[in-house]
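Across the two complexes that follow, chain A remains constant while its partner is chain B and subsequently chain C.
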Partner chain A sequence: MTATTNTPSRAVERIKNEESFLSGLRNRHLQGTIWKYFFQAAIVIGIVALLTLMFNVVNRIVGLVAVREIVDPATLADGRDLESLSAEELARIYSEYRLTGANTDGGRVFLRDNVIGRDTFQANPQAPMSQLLPNADLPPEVGALTFSELQPADTQVILAAAAGQITLLDAVITEIVGREILEAWTFTESTFNRAAIEERVASNEDWAGAQLEWRSWLNPQFLTTRMTTIAADSGVRAALLGSLVTIALTVLIAFPLGVGTAIYLEEYSTGNSWFENFIETNIRNLAGVPSIIYGLLGLAIFVRALASITQGRTIISAALTMALLILPVIIINAQEALRAVPPSIREASFGLGATRWQTIWNQVLPAAMPGILTGTILGMSRAIGETAPLIIIGAATFIATDPGLTSRFTVLPIQIYTWTKDPRQGFSEIAAATIVLLLIVLLLFNATAIILRQRFRRKLSG
Partner chain B sequence: MQQTQVEGKPKNSAIANALAVDESGAPKIERRARLVDDSIGYLLLACGVISVLTTIGILYVLGSESLAFFTSVNQQDNVFATIAGNLANFLGTAEWQPGGGKFGIWPLLEATLMTSFVAMLVAIPLGLGAAIYIAEYATPRVRASLKPILEVLAGIPTVVYGYFAITFMTPLLQGIFGIDTVQFYNTASAGLVMGIMILPTIASMSEDALTAVPRALREASYGLGATKFETISKVVLPAALSGILAAAIVGISRAVGETMIVALAAGAGPRFTMPPNFFVGAETITGHIARISGGDLSYGSIDYQSLFALGLALFFFTLALNTLSRWVSNKFREAYQ
Partner chain C sequence: MATNGANAIELKNVKVFYSDKLAVDNVSLPILKNKITAFIGPSGCGKSTVLRALNRMNDLIPGARVEGEVTYHGKNLYAPNVDPVEVRRRIGMVFQKPNPFPKSIYDNVAYGPRLLGVTDKRTLDEIVERSIKGSFLWDEVKTDLKKSGLALSGGQQQRLCIARTIAIEPDVILMDEPCSALDPIATQAIEELMKELVKSYTIVIVTHNMQQAQRVSDFTAFYSIRKAEESGGVERRWGVLGEYAPTEQLFHNPKSEETERYIRGEFG
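What follows is the complex of A and B.
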């Protein structure tokens, strides 16, 4: 307050000269108004950013696409349904297809990576086929060949014998048949600029046979089908299931640990032991650790050191890592919920002769439960959108099968990340569809949290 | 009170027990052994210890792998010379080329600082402005509808912001400054979107600090003839300064540790630019960790260990910022009671 020393005299002068005082007042109010608009603008910019973000995503999930059939399924199998073909026929189709175009290996790469397995092959690349595929019923002359000696005809025989009809059908559908998205347009472009799009499709010579059609990228098929390498056919089923299983497991681990810690700190702690203060400070610090550090922790401990339990880069490792990540959130919220339970409830319970644990279990916890659950849902919301730690511990980017606890896995945000990075046509759109799906899941979580919070309030007031 | 053995009594004689008296005629009160009650405290303590173990785990993992990193590259006569030399290179040189054995953190650190700087340029003024509007100007009804909007903004997963940066912000910047000036991957786009992401954090922490300033201070200021804005700028803001500073520091810490936006939008490949160019791609510390570990990284390799050295640097950086934030908030807090 150094400026006050000479203000009184100045103020007196000002008031004497009323006109200058009034004009000064006007300026002061003007200044206030200008700043008020600035503060208002800050809020408006925040809201506009949110709306733009949402619009930018939603705008991409419906729109016109230019599509072309790559190979008509009918010509492949003389008009028969692909699914009715035998393994031999599918192996022939696949093997022959792989003799043309860019990839003329006759299916050998597919055989190595998807049937033998790359690790098995690299362990012994010179082994004969009968040794690499001990379970397959191979003709002896083919079984004696090593991988580098295989001719397309041999590959075809091995694929038919060892790959199985489902694997081959999958390969044929994803790699040979399929509709190619040549270009996709956003909803606004499709609506307001349709003529230009039609003109572009018609005039582009490389796009002969292309058709223009409306497409909703977020459709039931998208939710229920497996992932493929073609955006238009790809589904998000494995990632959705992966996310749900990971979250369920994460909560199963983090909830008891977090609530236990909170009960210890609030109900058992004396409040002044150095150890309890240390735990408190530690939790506050952990809440501020960047999520990517948890990823490094998970990679070194759960994926590597405990590989015998977690089987490496699996959902179990992911859930353990996520559980540590959301533990501080759950603890801090549970502490607040416990603190909000009035002491009179505890005292009444003690007065009736209940022990400490009986008081906590029968009185305090039920009263605090809605608050604890709200905090847990906040933690779940954080975990379901968290991407960085899972990239570090090695979530797979392409998973065609449903996830199991000890299989490699992918989750929704990982898929958003991978598809956003993919420059090919259509991937930006399925990334947008996945974002909408993720936001819907988040919305459901938060709606539950709000309902719980309201029940909590009603209970306290009533 | 006399302690007697439970075993010596008939089991179902609660009333007899309650009526029992000891030699002096006082009621006998016994403490029964309760397995659950006695052990549950230790069980809960064990839960609390998990969080301590997490910290120890982080320190151990980052420390041991970093040590392995600093002792294994560019080996010299003895271990200490190797560590000292590598540490000096790590902190003092501006070339990060794992293939060529060059590990200087500055290209990554520069990109981290650049994106965080842009983010703060957006988040501090807008976050503080929004907080002032909500705390000082908004009517209770407006406030009740504005706060959920900020909460929604805070709850959006960061990967979604990354998508927003690539599909909206980068094309927007390219449209404004020209496609030749602005590369597809650039730190400005990542930083701007990161600023929007951090805005709600700063806004909500600052708003808490502003609403904690007692009403009496504002009324005293009005009583002396100050306008609303003068009251806010000369009385309320200085009183809430510690909380606002703490919010800004937490914001910086979040910007430094943020991964997904920079991994998607800032670029792949470390690049040191002097003077800093915000329109070219550069890789941040977090972006580099995410990109390298995304591939098939073999355990124990130099690349693998270098990630932990970067993680350790990042850990200490954010820990220092978070501790500073708490210190500022406690040290300069004006207590009004």
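What follows is the complex of A and C.
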């Protein structure tokens, strides 16, 4: 009994003690200050890391390059300007070039693909030339030949008559007069070390005829031209289109499926059965599965088992795999968003005689839409940067033509991966340019989604 | 007690369970047509539970179950062939916390009619105007029907919720402590509104405020709590109907001692 009466009084004294309170207060404030500095340091470290990364990438997309023409245009036409040549002369240059080294078709492939047109040719491969090119003024003996009978000299005649000077000039410049990147320098090197670079270019004997010029690797031409094996000429068009189509298709598949699942789990299921709990737990676990596993799944199901539908290693397979990958992210975020809608809104709607579906469609979904969109942005951002699953399902690394839904494809991250690996000069620079492009695409996607989200929010708060 | 012909709703031996736990036991009482019936009683006595049993709002709570009969114009609301959506369309509800939809004032009121398939702009305009006038809110909002319902004050929001309810022309309006989140002036406005509404609607109101029950209601049902010790020392509580009488009589001449102690404010 004495213990119980004594202890409180000592406790009360301890609480009332002015001195220990003051020294304790100093300690408490000190603790808070230390934590505050720790948090600030964390932010600073994060920002420094991000800036270093950005600098590293951006530094590579503009800078000096030493270039050399592989075939000097002056030697092609005895010193005359290429543009002043006639169609006949250009056709001769092109056909001759196409007979050297590995190119022994004498320009036939160019004739078939760019002058006749592949579709026209395939519709009737045995037709004589005069029929395939009805508008061209062909000599009768050449016009009677079929494609497989053409000799290089015949091809040259047909090209001169049918291709037109501009098409031929373009082909000669892009295919014959190539430019070789000898070395590329970063922006900082180019700016602060210019003299040393000039000295190096001038003194290197192997680099005779090399020119030094500024080059922005991320330029409009880079975005719109096809991929080639030469870094300076290569574009990223196929990968950019591949990424855009894949992401659009992915969201188109994953958004309705994910939101639908979330609506069912939150609004219809009672959450009591073991089966529903099992599903919920599994969705949460799936969100943490490494993306490469999804790649294996996609390979087994979409590329192999469903090959008759997806046509194998195509954009459809890629989008389906990506959709599986981001589905858990979208479901979980949509569930959170639906759960955050106040029950009072549902009650009010039911109280006015709304059915469950009317309540979901008119009240719950609009109120949850900002959160659902946030989840979709997260999923999309993840999908646009994924490489591993696409490598597994067999994205190509070199695609020159624009992707279709059932064609082989490549995407930006795959291109970054292959170009970064390439030891030749110029490739790490176009990889850097592609990284910046990928970031821009990502930001554009996110900005669109954020604008959409804000519009929903504004609509709700009036 | 009133005759059957004047009853809008009649409860017979109603029991409500929440996941097999008895919440309210054996309530029988009539809700008279075009009268205000007040439900009073201490916290946890089940008055809101009974109110929500009247338009099947309890259906939305997983595990909730109602036994007994709730008859509305001679039809049991809990018969298997009754659609709860139809019940709620006839028996509307106003909630404790004003809960306008995050939409414009106009859309809030037009929501119910639109659910019923009214799409014609002129008809909707007419319904909206009549309903907002009916809840004495028109003069305050008529110039700004596009404004969000959430931008109104608490009292205005509650009147908007009432307008929303009467827009679908229900028979009965259930009000679950509609003034508990409001200041005295807003409360007074709602009470005046109720006295006006009761001319065309039947009203049931749950209230904690005994003065309010006395001021507005024609009949009062007092609910009280029963307790029982279960094995293992766990206490079980459920609500019962303590007394039902005309308001005047219940407050001035209560039959049971418990009612008297409650209305004197000895517990609550």
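Just so we're on the same page, the second predicted complex is superposed on the first by the 299 of 462 C-alpha atoms of A that agree within 3 Å, B and C clash if a C-alpha of one lies under 4 Å from a C-alpha of the other, contacts with A are read in each partner's own complex, and residues count from 1 in each chain.
The definition used in the following text is that a contact is a pair of C-beta atoms (placed from the backbone, for glycine too) under 8 Å apart; a residue touches a chain by one contact, two chains touch by 3 or more.
Quick caveat, the model's predicted, so the values are computed rather than measured.
In the superposed model, A:324 makes contact with chain B only, not with chain C. In the superposition on chain A, no contact is made by A:224 with either chain B or chain C.
In the superposition on chain A, A:363 makes contact with chain C only, while chain B stays out of contact range.
When the two structures are aligned on the shared chain, A:270 is found in touch with chain C, with no touch to chain B.
Legend: residue contacts after superposition of the two complexes on their common chain; A:355 is shown touching both chain B and chain C.
In the superposed model, A:53 lies in contact with chain B only, and not with chain C. Comparing chain B with chain C, the partner in contact with more residues of chain A is B.
Contacts of chain A with chain B, set against its contacts with chain C after fitting on chain A, overlap at residues 355, 358.
Taken in their complex, chain A has these residues touching chain B: 28-29, 31-32, 35-36, 38-43, 45-47, 49-50, 52-53, 56-57, 60, 256-258, 260-261, 263-265, 268, 278-279, 282-286, 288-297, 299-301, 304, 324, 327-328, 331, 355-358, 381, 384-388, 391-392, 394, 413, 416-417, 420-421, 428, 431-432, 435, 438-439, 442, 446. The residues of chain A lying in touch with chain C in their complex are 270-272, 342, 344-355, 358, 362-363, 366-367, 460-462. By the touch criterion given at the top, residues 34, 36-37, 40-41, 43-52, 54-55, 57-58, 61-62, 65, 125-130, 132-134, 136-137, 146, 149-150, 152-153, 155-164, 166-168, 196, 199-200, 203, 227-230, 232-233, 250, 253, 256-260, 263-264, 286, 289-290, 293-294, 299, 307-308, 311, 314-315, 318-319, 322-323, 326 of chain B touch chain A in their complex.
Residues 55, 57, 60, 62, 85-86, 88-89, 92-93, 95, 97, 99-104, 111-112, 115-116, 147-151, 161, 164-165, 168 of chain C touch chain A in their complex.
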